[in-house]
Amino acid sequence: MAHVLGQNQYGKAENRIVRVHREADRHHLKDLNVSVSLRGDFEDVHLTGSNANCLPTDSTKNTVYAFAKRHGIESAEGFAMLLARHFVENTERGVVHSARIRIEEYSWDRIAAASDRPGETADTGHSFVRNGQEVRTTEVEYDGGRFRVVSGLKDLVVMNTTDSEFWGYLKDPYTTLPEAYDRILATQVTARWAFGFAGRDAEDAAPDWNHSYREVRRHLLEAFAQTYSYSLQQTLHAMGTRVLDHRAEVDEVRLELPNKHHFLVDLEPFGLKNENEVYYAADRMYGLIEGTVHREGVTPVIPVS
Amino acid sequence: MAHVLGQNQYGKAENRIVRVHREADRHHLKDLNVSVSLRGDFEDVHLTGSNANCLPTDSTKNTVYAFAKRHGIESAEGFAMLLARHFVENTERGVVHSARIRIEEYSWDRIAAASDRPGETADTGHSFVRNGQEVRTTEVEYDGGRFRVVSGLKDLVVMNTTDSEFWGYLKDPYTTLPEAYDRILATQVTARWAFGFAGRDAEDAAPDWNHSYREVRRHLLEAFAQTYSYSLQQTLHAMGTRVLDHRAEVDEVRLELPNKHHFLVDLEPFGLKNENEVYYAADRMYGLIEGTVHREGVTPVIPVS
Amino acid sequence: MAHVLGQNQYGKAENRIVRVHREADRHHLKDLNVSVSLRGDFEDVHLTGSNANCLPTDSTKNTVYAFAKRHGIESAEGFAMLLARHFVENTERGVVHSARIRIEEYSWDRIAAASDRPGETADTGHSFVRNGQEVRTTEVEYDGGRFRVVSGLKDLVVMNTTDSEFWGYLKDPYTTLPEAYDRILATQVTARWAFGFAGRDAEDAAPDWNHSYREVRRHLLEAFAQTYSYSLQQTLHAMGTRVLDHRAEVDEVRLELPNKHHFLVDLEPFGLKNENEVYYAADRMYGLIEGTVHREGVTPVIPVS
Amino acid sequence: MAHVLGQNQYGKAENRIVRVHREADRHHLKDLNVSVSLRGDFEDVHLTGSNANCLPTDSTKNTVYAFAKRHGIESAEGFAMLLARHFVENTERGVVHSARIRIEEYSWDRIAAASDRPGETADTGHSFVRNGQEVRTTEVEYDGGRFRVVSGLKDLVVMNTTDSEFWGYLKDPYTTLPEAYDRILATQVTARWAFGFAGRDAEDAAPDWNHSYREVRRHLLEAFAQTYSYSLQQTLHAMGTRVLDHRAEVDEVRLELPNKHHFLVDLEPFGLKNENEVYYAADRMYGLIEGTVHREGVTPVIPVS
């Protein structure tokens, strides 16, 4: 029985790039981790050892750095679109049929330092401290016709110290969990959201990607903080819905929320009453809650991981 | 415009379990990391805060440990099938429509120690050393009708110090890579393979999972070692094909092969000639080659990651 | 020839504790990772298998949680002093001669959410987002007489995009590095600083630990930002000196500064001039610069790592 | 009050090097991670910005690669000695007073593949699979007069499924731990051992480093496996003593043994009796047992970490 080469792709992963934009003495910084994947006419490469259709991964890396110089980097999404389109449209003989660019973005704050005027501080123009709160992500695919843009964030860790309950659940023979009427709810948010935008050109009204990111992030945080929760599922749904309610450019939100358990420590043996004050933060095992919320009539595109 | 709850799932992730089987003085060990995901009728949990249909993740954890005692663990695949079927068939009111069990397995070797007879060693019956070579994986899904089993491995690091070339590739304006006629080829193998098996019962002729694993692993290693390579894509294809050629129970193989670059160090400035002897092992960026090989007529099921 | 049991210590490491202080609707949070090490009269435990002098590590863990309830946690340093003193002074038969408590502290910011008044935000009282900028550390040792307190931070990542040069260095036969007159200087700061304070009691004038931490951190950042640098060594020295100049409670500062290399990418092959705009951020290898600055007459206590 | 520059050192860390020795068709492999630290006359570098005494870290990196070519790598220890001596004796104007070389070594096994003769396998000469069992370490210091060599290993994970008890311990008011008469004992061994050897030259009778490593490792494993244990401290002592008893070249052994807790899962609620068969493998917190065993009359040199 014959064998078939199925889906395949390749490229250079994790190109770490820092792009400095110098506006006189005031510098601006983009710090990205860019991964390229190309799909196309690569059967010979796999089957015959002929590399005639194989653009080296090293060339895709060079392209990332050259484009950063030539075009600057206004947003991760915009930069990814430029790259994806280039590989599909400019690679010889049309061997690249579609391209996927994934980017992680690390953000930096300016360092404020004491200024000449006593009691005041000023930022320093070219000094930065890494803001470790979360990693911004995007994934752009282009097939020669349309773009698919899915942005997101990961490693955003949040906690509510109250306003969370969990009771009234289904009880099977393996259920021993006591009901909880006031518990800590903590999670490490991984979120991805898909944009309706699919156009090829600037005039196709791409959203302001950076503004959109800040606003989606804000709504996720606010929904987490303001939802009185009876389950992490309910909180997840509230977070996704809040984004769709406020951001017209987003069609679909997928969230992966590990339940970072904080167990109340039993202090009775030591004659102490633990009134929801002292918790043990556990590593593993953990509940893992995942779900998608999307607009009616839209076909979800974000894969289950 | 209304919002819709799309795909969702939940369960307890990363249940770390060690199961000791005591055969008189000789102990046997299974060391697993088990993750449970349930899909089903959970709309109310997300939308109304009612947990009536929500089996706690804690109960799914308890089930993992109780099943390990009651049924023992012969193989990760067999254990995952038992669990998946249980959640779908035994959860009240049929609220669980399908279940996915993912398992990582860590293997241990027996420690050989000096025996009473001089110059000889014997294993010690109950003493083990972790074999850190790779992690064995499996993912089992069950929807009440059929099983889907995808097994695999990850973190298997291999290297050929010769018999690898890369030249004759497509050159675009960003290509600066010199051609290579003798290079190191090294990669960290992530492999997944899908089984044709789908039956519910023992008589449905499940393969011997442990034997199958050992053989697939052997063929992957042999194909890597014995392929004279003109690209990592070609090696990938040879590895997948070799498995399909030798293991009838496998229908599809997907490989993710980062090209762990080893760059020849330029020693000319120090009056030395580097005859493929001294390499710098780089971390990032790296080429990433991914692909599927499957039997003709079979629909691939392993998702692109 | 006889063998001797030398330095030994034991305890429970990495007790993860979250302590919530509830001030009506406004909650306060301490998130710590506490490690206990006890030294003392443990020879029998090692040599004879008698555990009569062995306080279980589990008991030391319980003590951490019970003390968090009973005494609250005002600062990591203060909490560590309480614990260290307890183990030495209260363990039966004086078997514990000295105790070392290490703490990592993770900080959280309040989530600001839209308030009822349009256009305004308010914090939410009990909702927090992890501030991932750095980890605060402390190590306290107590031997029944005096305390030794060494505080610090790690994973504080900083970058200057200009005002850094490196030239005029010693050239040996293995030197090929081109001189640099405008380079990126980036590092991931690990800092430890020792306090003069050694007293046992509150009246011994312990510094305000939290205030001290904020100020030391501020001076480290300012010195990094404001030093025009001819080497990372010079920057290190400026950072340590700045702290000693401004914080009388600190006697010694030790810094470990990996030089996170950002290499200028050669874009000439693509007809582009890289005017200090596009950098490749490398992982390994890296320069590693370490050094201590201390007050004259003080004997340094922070070990070389 | 003046400030003083105290202990300081610098160099290139984590130089990843793969050295291939080609013996006709049969290749041999050394895979190392080499870190260089130089101490010496570097006050001006820190204080004045003059780099006249600063050998660039980049030059130390080049030296590592050039020496690997020129001298080959027979053992990590031997290679480290060559490098340390070079930096102290050959750097201009004697600015380097002492050098410390740290090396991690990753080991590889040959891949055995099916040979032409049916049913037989043969190794492939140039194909390797990473042996992930542990990392071998060494640290060599040279001050112009004598060497200090401390070798070791880390990440060696071992488990006894029986022959371990823990009871009769000291009970304080925070003790709730039940006594255990048959428990799992598992740990991740970090070991360092110091050699008596200090000579400068080959004729000074350096041990056979590779043979010594294999034997020390074997004795550590055997002692772990064969010790009926009443505490991890007792096991630690047995491991250190066993090495000193059998390896004359070793003067001192220090072990750091995290107690990787495996908790017996309570299955009573499910009508099951857990007869030491089903365990939960916990991540954190963990007991941490550390200690040194050394020959009488020898001054220990391995620092407490």
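The chains carry the letters A, B, C and D, assigned in the order they are written, with residues numbered from 1 in each.
Methods note: contacts are C-beta pairs under 8 Å (C-beta built on N, C-alpha and C of every residue); 3 or more make two chains touch, one makes a residue touch a chain.
This one's a predicted model, so the numbers in the text were calculated from it and none came from an experiment.
Engineer: Have a look at where subunit C meets subunit D and say same if over half of the interface residue numbers show up on both copies, different if under half do.
Structural biologist: same
Engineer: Among the chains, which one keeps its Cα centre farthest from the Cα centre of subunit A?
Structural biologist: D
Engineer: How far is the middle of subunit C from the middle of subunit D, if each middle is the mean of its Cα atoms, in Å?
Structural biologist: 25
Engineer: I'd like the Å distance between the centres of subunit B and subunit D, where a centre is the mean of that chain's Cα atoms.
Structural biologist: Centres of subunit B and subunit D (C-alpha means) sit 29 Å apart.
Engineer: Which residue numbers or ranges of subunit D touch two or more of the other chains?
Structural biologist: As it turns out, subunit D has residues touching two or more other chains at 15-16, 62, 66, 174, 176, 269-270, 283-284.
Engineer: Quick one: which bits of subunit A touch subunit C in the complex? Just the residue numbers, please.
Structural biologist: Touching subunit C from subunit A are residues 15-22, 27, 29, 31, 62, 65-66, 68-70, 108, 111, 113-114, 124, 126-134, 155-163, 184, 221-222, 224-226, 262, 265, 267, 269-270, 272, 274, 276-283.
Engineer: Under the stated contact criterion, what part of subunit B meets subunit A in this complex?
Structural biologist: Within the complex, subunit B touches subunit A at residues 1-16, 35, 37, 42, 45-47, 49-63, 66, 90-92, 95, 166-172, 174-177, 229-231, 233-234, 236-237, 240-241, 244-245, 252, 254, 258-259, 284-297, 300, 303-305.
Engineer: Give the list of subunit D residues in touch with subunit A in this complex.
Structural biologist: The touching residues are 173-174, 176, 269-270, 283-284.
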